[in-house]
Amino acid sequence: MAPIKDSVHDYISLDPLAEALVDTPAFQRLRHIKQLSTVRLVYPSANHTRFEHSLGVYHLADRALTHLEIEDDRCEHVRAAALLHDIGHGPYGHQTEDLIYRHTGRDHDEITDLLKPDRPRPSDERTVGEVLETHGIDRDRVAALVRGEGELGQVVSGELDVDRMDYLVRDAHHSGVPYGTIDHGRLLRALGFVNGELVLEAGNVQTAESLLLARALMNGTVYRHHVSRIAGAMLERACEQLVDDDAGPSIEHFRRLSDHDLLVALREHVPALGRRIERRRLYKRAVWIGIESVPAGIMAFDRSEERDAERAIAEQAGVPETEVIVDIPPRPQIKESATRVVVDGVVQRLEDASELVGALRAAERAQWRLGVYAPEASVDSVREAAIDQFGLAVTK
Amino acid sequence: MAPIKDSVHDYISLDPLAEALVDTPAFQRLRHIKQLSTVRLVYPSANHTRFEHSLGVYHLADRALTHLEIEDDRCEHVRAAALLHDIGHGPYGHQTEDLIYRHTGRDHDEITDLLKPDRPRPSDERTVGEVLETHGIDRDRVAALVRGEGELGQVVSGELDVDRMDYLVRDAHHSGVPYGTIDHGRLLRALGFVNGELVLEAGNVQTAESLLLARALMNGTVYRHHVSRIAGAMLERACEQLVDDDAGPSIEHFRRLSDHDLLVALREHVPALGRRIERRRLYKRAVWIGIESVPAGIMAFDRSEERDAERAIAEQAGVPETEVIVDIPPRPQIKESATRVVVDGVVQRLEDASELVGALRAAERAQWRLGVYAPEASVDSVREAAIDQFGLAVTK
Amino acid sequence: MAPIKDSVHDYISLDPLAEALVDTPAFQRLRHIKQLSTVRLVYPSANHTRFEHSLGVYHLADRALTHLEIEDDRCEHVRAAALLHDIGHGPYGHQTEDLIYRHTGRDHDEITDLLKPDRPRPSDERTVGEVLETHGIDRDRVAALVRGEGELGQVVSGELDVDRMDYLVRDAHHSGVPYGTIDHGRLLRALGFVNGELVLEAGNVQTAESLLLARALMNGTVYRHHVSRIAGAMLERACEQLVDDDAGPSIEHFRRLSDHDLLVALREHVPALGRRIERRRLYKRAVWIGIESVPAGIMAFDRSEERDAERAIAEQAGVPETEVIVDIPPRPQIKESATRVVVDGVVQRLEDASELVGALRAAERAQWRLGVYAPEASVDSVREAAIDQFGLAVTK
Amino acid sequence: MAPIKDSVHDYISLDPLAEALVDTPAFQRLRHIKQLSTVRLVYPSANHTRFEHSLGVYHLADRALTHLEIEDDRCEHVRAAALLHDIGHGPYGHQTEDLIYRHTGRDHDEITDLLKPDRPRPSDERTVGEVLETHGIDRDRVAALVRGEGELGQVVSGELDVDRMDYLVRDAHHSGVPYGTIDHGRLLRALGFVNGELVLEAGNVQTAESLLLARALMNGTVYRHHVSRIAGAMLERACEQLVDDDAGPSIEHFRRLSDHDLLVALREHVPALGRRIERRRLYKRAVWIGIESVPAGIMAFDRSEERDAERAIAEQAGVPETEVIVDIPPRPQIKESATRVVVDGVVQRLEDASELVGALRAAERAQWRLGVYAPEASVDSVREAAIDQFGLAVTK
């Protein structure tokens, strides 16, 4: 097969196993899952998909294996895992992750069931499981790599994984926001193993920091832009209604939808929110407050408590329940702080080797916001009700 | 409103009229129409849409007006026309253009009816026509500009229009194929009017040639890649069935669908082809021959004669009619050959000023191919039947 | 005049004053002063010069004035200052700055004497001062702007100046190191004045941080790369010898040399070091220690004390004095920490608004190194002597 | 050694032989030879050198060998030849090529004498010849490869060589002119051998054309820009005077100078022209006419006849001889027309497979210009004299 032209890595050559995997329905479906879900409502050119991202991750995994000088049958398994690492995503990726988890107990990186050879498929197609079997690949090893298990699992999913090396650069290229343009060539060359731990070799504290900083800047500017968050919360709420609708898809059906299937399903079953999302007529911020203003009990809300709060606020504000969305992100975390770097011959966690980690943690905390969203017309009444219900000291 | 970040032009600032137009359903729909329809099946990162392309064309129109030193109320009209120039496209853009034309007699650049203020819309949205009216814009002038009429219509739609200046660069950026990276800064600076004709000022024969060459190289590599052509022909055929299906959408409904609506509609009403397109299980080339091998009568086929040929070939090959697609592109043309360039003080057509035009014409002719496509399993029988039906001298 | 094509800003259009200034000998000389002096010995494609950088700064100053909505005669002065801000640099820019200052008491941003109309020049050329006079420009105002004085002086030289917006992106483009790729479009749009202070408007703490982070990453990776520092220290030492040489150029002559004049002069007057620099046969690190290991007295050394130390180390090590170079950088500073940002309606210094500033300060401190360099053959003996002379606790 | 960061190819890893070659004086000298000589007077950011270009050619040669699946000891020879292919260039590269050839009979790609191990060098450096010997490399084979001899010589120097693949992209990156941005990844993957001839494999006529077109567009816009040609002609004339000057360098010394040595030598020995070049006070075009207006006899002039004409024109115009420069470029040629491409299983020359070649030939011919240059003040009198002396029918 001819190599594939990619906007980020130029040409990507596939091994025969990868070629066959790419042709499966489960992988082709990724053409229809956008990498950045609702971010495109803020950055209109960010329409890239998990399909080309997965090809990019495959490509970087292959390069990482070369630099790590690994040459045995682990290579095929790692490359397959890199290629398949996102097939467990539901429509709109991370946006539906919580909902699916609440209903099924499965995270997007738990793909064991998707690798079974006998999944339903048209007679002239092959499932991922069948392809793996034909090529003598152990599907449990692949699933474990996707979960980040084992030495090489860290390359696929961990603080230094090729996943983020690809998505930062790709998101920068397609959104036009330059902050994600990291030096992945340097990162790949600095990878090594010390006692089974994936590390950056000596002299690379700053290389590690650059990855961290790129993600922090992209977080604030792109990934957590408030417009994208509002649209995402609306989508999540609409999906809850869709899944609860008896005429709607089952959760198992739901999690295999593509983005476009979901948009059409929403328009049919949840028309008000569906059309708003499709046409970008978004709710506005009624409340938008920092972590220090939020009572501890509220920080700990699970989704059902959020729903209760939405109902109570709606009732008090005199608006339909669907016109109040409470959006409480998890406490900020910096996964990359655990990146291991060799300093003076000793493996250290990045948070111990770099002053920046603590500062970024504080910065993330300072950027954190609880949001309550409502249609423009009811923003004022919803704000008042929310302040009351949450016992907020916010006056503005 | 904050300026919009764009992957190609960095920041795009909108005037108040443009802001209001962007918020209409007709414009938001462009988020869901891909710029390059089926090309993404070959170049997986080419997922950009007519939404950001239209913003880019708006931006370049504004810059062109500055360089042309136009400052009166024509500016607002030209910018509005640039922004709206693609709202007449059906789903999958050019791919459904012929079909819509055969049923309605309307081309995609005929947007008069879409500018009527009283088009159906939800109560809380405004139509394009209403927005234009509010801002005192003459919608007939806008529609005329989109058709390329008048002096400034040439800036919106003509051999030197800002449409192609945007799409060449944008398609290059998102596909990763560099050939389209023209120097639009230079082109814009070279624009001028001589006797009401838009020209490139003296010293710019090569600037004009570069535009021509970029398009020729993108044609061969991207726009007319055979895989994209096959997928496009399958899509077109599937759409014909969809529109002919009594349970399917009316043509008026059809032309306002988004890409994702179409994919879902096809899966429901034309499931075999629909799924093939969605999953990229494409037909293969049974026949692929150059212009010199095609009898003149066949070159002149209209779509209904193509359909007859498909039926006859299918019957002879013993396969269902839907498994044969005949794809006869129009004779190659080079619209840019009419570009006017000032040479030695005289306005000349580029084809008279440049030897390259003739050569590109010959090259386009040499690249032209008639295709007959069929599922892999029936390629051989379809080839034989097609050779016979068309009376081709092809033996291979 | 046709606009100038630039690798970073595409096209740069000059006003008539700027055109005339570009044609002066003082400005043309900048073609022969590399932007990054010895960095090219590490990043071979970093050969860009202060000529195109100055054009870029002019261009960004012009855009800043537009966004700040300034339209009176200050514009011409600011643009002229932006264009001329680097004409005071000696050969190899910052590398000869200290030496020139020690001899003349003048910093590179003190250009008053260079703006005098009657400077020596061939009869068919005009000086910068003459050009300014012809165009009715007040040269004292220009010199003050270059020193960063006054409201608009902050745009030319300050924490938020267009100088660094240009050089970060340009250095990234030409070196290939992506970290400097800031979003200058966003920075320019966020500029404003509050009570005569240049600030970033509300919502831009992260925009300010991004500038800071870009510079921090470029510092570590590019600007202070140890190979560049060694070459720079060798160059500085060689220049001291050159200026001290009675047959060499006077300091006034020296500070107007170009890079190539300097290389040739060094080869003639300081042949050993000169040839080493030209052919990249660099000294190696005999000592390379962090700030916590350096006795406070040594941190405070001025250049003549450094020279004394070099002599003492050389004597003890039994090598010629020119084979020991002591390189003690100033204490790390983060000028950008004073950037003013509007937060909740109040102007704050970035260091008060962002946790990152403190962390970067700590990171800069952690990266700081005192170096002692010597030819490879004498590294060991020099190391021993230096440890002894400086009373270091270093054993390795 | 760490890989080298490059602005075009990201990271370039060197084999041990290449590392040692890079450290030789002959190779380090390339840091001081600009790739585009006088082009930087038009495109100010085009300051890249033959040093990084040579590294890039080495890198592409290595990739070409991989795609061609060559694995024996030819690889080291080819990579060495790629690295060293430009060490034979005099100062300012092609600009001094004719002059050196007239005096020595040696072209820049004739590097045999530079590979002799016993060339003069400081005691602590090694010559290229010594390095080759140490690594067991046959220096005659390397020299032959640089001359383009043998099967693999075509990869180093031929119609499809990696030299032009690097310089087109590099010149585009550093000048900012996009036309040279070819798809070298695709070209490298398409290389193959048929009967000992380097060819592009089937399906690549357009790939070949894209290379040709990129060079044609760069020729007109960059390489042969009239300002660069004037500066180049002035430089060449100044070098003639320098070499003829008894106090100046011998031709053998001259050809080993760096760009900066030459600038300083010119200022000393040919001060008028030297200063003009350094400060960009260039002659203007007194005559600038197309090929159809030039008498055949004049087209055939060698340099001494050009000199005679300059003298005669100067005398008639009453100006010093050095104020007239006659610049007659060779007849236009398109070397790439001989590129071999596989079409329908047969190896064809590109000029037979593509209509574009003929058109480009005509376009090159149409762009060809004879120039006569003089200082602005004497342009008119020189024009008149030149028209008279050359018997031109030019009246304007």
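Quick notes
As written, the chain order gives the labels A, B, C and D, with residue 1 at the start of each chain.
Everything that follows uses one rule, which is that a residue touches a chain if its C-beta (ideal position, glycine included) is under 8 Å from a C-beta of that chain, and two chains touch if they have at least 3 such contacts.
Just so it is clear, the model here is predicted, and its values are computed rather than measured.
The chains that touch both chain C and chain D are A, B.
Taking each chain's centre as the mean of its C-alpha atoms, the one that lies farthest from the centre of chain C is B. Here the spacing of chain A and chain D, counted between their Cα centres, is 50 Å. Note: centroid distance chain A to chain B, computed from Cα atoms, is 34 Å.
Chain A and chain C, compared by their mean Cα positions, are separated by 42 Å. Looking at chain C, residues 10, 177 sit in touch with two or more other chains.
Across the complex, chain B is touched by residues 4-8, 10, 23, 25, 28-29, 31-32, 34, 40, 43-49, 51-52, 55, 122, 124-125, 173-177, 258-261, 263-264, 275, 278-281 of chain A.
Those residues of chain B lying in contact with chain C across their complex are 3, 10-11, 185-186, 189.
Those residues of chain B lying in contact with chain D across their complex are 177-179, 181-183, 206, 209-210, 213, 217, 220-221, 354-356, 358-360, 362-363, 366-367.
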